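The next part holds the structures, each set out as structure tokens.
Both complexes below contain chain A, partnered by chain B and then by chain C.
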Partner chain A sequence: MADYVIDERVDITDVVCPMTFVKAKVAMEELEIGQVLAITMNDGEPVQNVPRSFKEEGQQILKLIDNENGTYDLIVKKLED
Partner chain B sequence: MAVDYGALKKGGFMRQKQKNNFSLRLQVVGGTLTAENLKIIAEVAEKYGDGHVHLTSRQGVEIPFIKLDDIDEVKEELAKGDCHPGVCGPRVRTVTACQGSEICPSGNIDSYKIALELDKRYFARELPHKFKFGVTGCQNNCLKAEENDVGIKGAQIVNWKKEDCIMCGVCEKACREGAITIQNGNITLDEQKCNNCGRCVKSCPTDAWEGTPGFMVSFGGTFGNHISEGKSLLPVITSEEQLYRVTDAAIQFFDDYANPGERFKFTIDRVGVDKLEKVLKEAYNG
Partner chain C sequence: MAFTSEQMERYSRHIILQEVGVKGQKKLLNSKVLIIGAGGLGAPAAMYLAAAGVGTIGIADADEVDLSNLQRQIIHATKDVGKAKVKSAKETINEMNPDVTVNTYRTFVTSENIMDLIKDYDFIIDGTDNFPAKFLINDACVMAKKPFSHAGIIRFQGQLMTYVPGEGPCYRCVFKNPPPKDAVPTCKQAGVIGAMGGVIGSLQAMEAIKYIVGVGDLLTGKLLTYDALKMEFRTVKLPKKVKDCPICGEHPTITQLIDYEQIECDGK
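And now, the complex of A and B:
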């Protein structure tokens, strides 16, 4: 299943909504189209909302990985600037 | 000649504490006003009022301090900006709505369109007591559907398409009801837990959750002197035609059975929810 290579990582577990998505989005802006970002986020509101926000921005969600420590890694491929 | 305050109130002119001053309520649907409306409202407030307007608790606009002698002139002025007086008293009141799916990413239905249709069908209809409709686009319930005599809430009936799914895991977390379980390359939906919010549909990156929009309707909400939450008595409604059959039936039930000055909730309690349920189910089934 892991048919992607992570180009960059960002940790958004140190911020709360709405800064979670802002921080993730800023990190995404640094990437080139086609590159893949891994975003580490907390359980709860971030994991409920951040994936959908990226979908609405036109990016491609590849995977949500449960780190089994109360955090998740969301793997997103950049499709749009 | 004696002033007919009842007729004035019916026509949206609300008597103020200050003698011969009226707060003029305007007809507003779903909290939506055009720039043209706002301009004429501002002009009238400056010319005939005291230069301020009041935004009501149900998305209406009132222009206070309108003088009794100016009422006809004010109506004419407002009509130039396509604004018209609203209503008060025992009849169908302002239909409220959120922005709905045309504007809001969370919306499951076009709330404003539904509100316009409800307004067209029922606004100002004479009834035994006040009757309020509210339309909210989704489970976030920004418009507080259950406060209303009839509340309408946008829903999604969801269905998982295995062939489009990449097993990313997003929907299981997006679901706030714990209705989605991913196990051994398969997804199960617990329909008892699903509240038709549509978050799985909105969040799925490959559109493997398909959603059929629908309406959840609540009956008998009231939030004034007595507070009671409107009750859902039907399954999700899946077409506008079916929705209006149900709203027609609900308002007719109120018209037929309510005592003067009795809100829908108390009519339902007195006459029996079973009786209403029967009428609604007939309308639901067409």
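And now, the complex of A and C:
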């Protein structure tokens, strides 16, 4: 059982850096503090950079889930507005 | 207001910045900046503000584009010679960024029209080339409680400062009155290196953007000077707001705007 509830989802597999983080950030903007966003991203560069970028902005990384199809789901809790 | 995917991409380098982000970009898109003078300073300022997505840009200028302007006024092109500067500037901005609404005012600013011109704008950029206009813009902005960026350029030198109502001195606190006629040469008489407008006008755009987004420290209470030959930037701390300043002091003696006499100049 996951100890979080996903409030919103965004798929950033259709864009490349730096639009990956931009699209995820725009989606995050719609959330309230304390809500959770699930971001589906491609393996490789996004998995390297998007979690780090969110961390730098003060958001909480809850989990990175390998979907075992070349994509990952990054679960981020919004702490900073 | 949600971003279109085109806007997301256009402003991606802003959105990535923690200090701007989605919120800051929305503030820019909802903001209104008036640029007085579409010349050496106003041209780069207008272009960077337009590129940044400032939603409404007003441009006031009575002049037409002259061939001698093109050495520094990069918003105008050779094909625009003879065209009203406000029209030429509007066309350049429209081609650059469809998100920007451009309001044009083909007029010199005077004591009669300035209050009406500035009233709907959040920030004013003084891109004028003469002291009467600079004092008029200062006095009007103080009266209307509008923030503005002052700048001046000549030869290889430039300067700027920012006025925010209630913070720091105004232009008149520092410079009191226009200099006597012919005491200071104009750009036309003295010359100016073209890139100087680019440096100082871009800094004016930067001040406007920071004010709108609400980040960083502005040049309030400070005068930044740039000497291109020595390649030196200096920030001079200014004295605090002058208590007996005739316009922003405790008991203002200037209660009506003044049209100082323009210096005669036959040059272009």
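As a working rule, the second predicted complex is superposed on the first by the 80 of 81 C-alpha atoms of A that agree within 3 Å, B and C clash if a C-alpha of one lies under 4 Å from a C-alpha of the other, contacts with A are read in each partner's own complex, and residues count from 1 in each chain.
Here is the rule we go by: a residue touches a chain if its C-beta (ideal position, glycine included) is under 8 Å from a C-beta of that chain, and two chains touch if they have at least 3 such contacts.
Nothing here was measured: the structure is a model prediction, and the numbers come from that model.
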| item | value |
| --- | --- |
| Partner chain in contact with A:Val47 - chain B first, chain C second, else both or neither | first |
| Contacts of A:Leu64 with chain B and chain C, given as first, second, both or neither | first |
| Per-residue touch tally on chain A - higher for chain B or for chain C | B |
| Touching partner for A:Lys25 - first (chain B), second (chain C), both, neither | second |
| Touching partner for A:Lys55 - first (chain B), second (chain C), both, neither | first |
| Chain B and chain C footprints on chain A, overlapping residues | 56 |
| Touching residues on chain A, where the partner in the complex is chain C | 18-19, 21-23, 25-26, 29, 53, 56-57 |
| Chain A partner contacts - residues on chain B that touch it in the complex | 105, 166-170, 173-174, 176, 199, 202-205 |
| In the complex with chain A, residue positions of chain C that touch it | 3, 8-9, 12-13, 15-16, 18, 21-23 |
| Chain A residues within the chain B interface of the complex | 1, 43, 47-48, 51-52, 55-56, 60-66, 72, 74 |
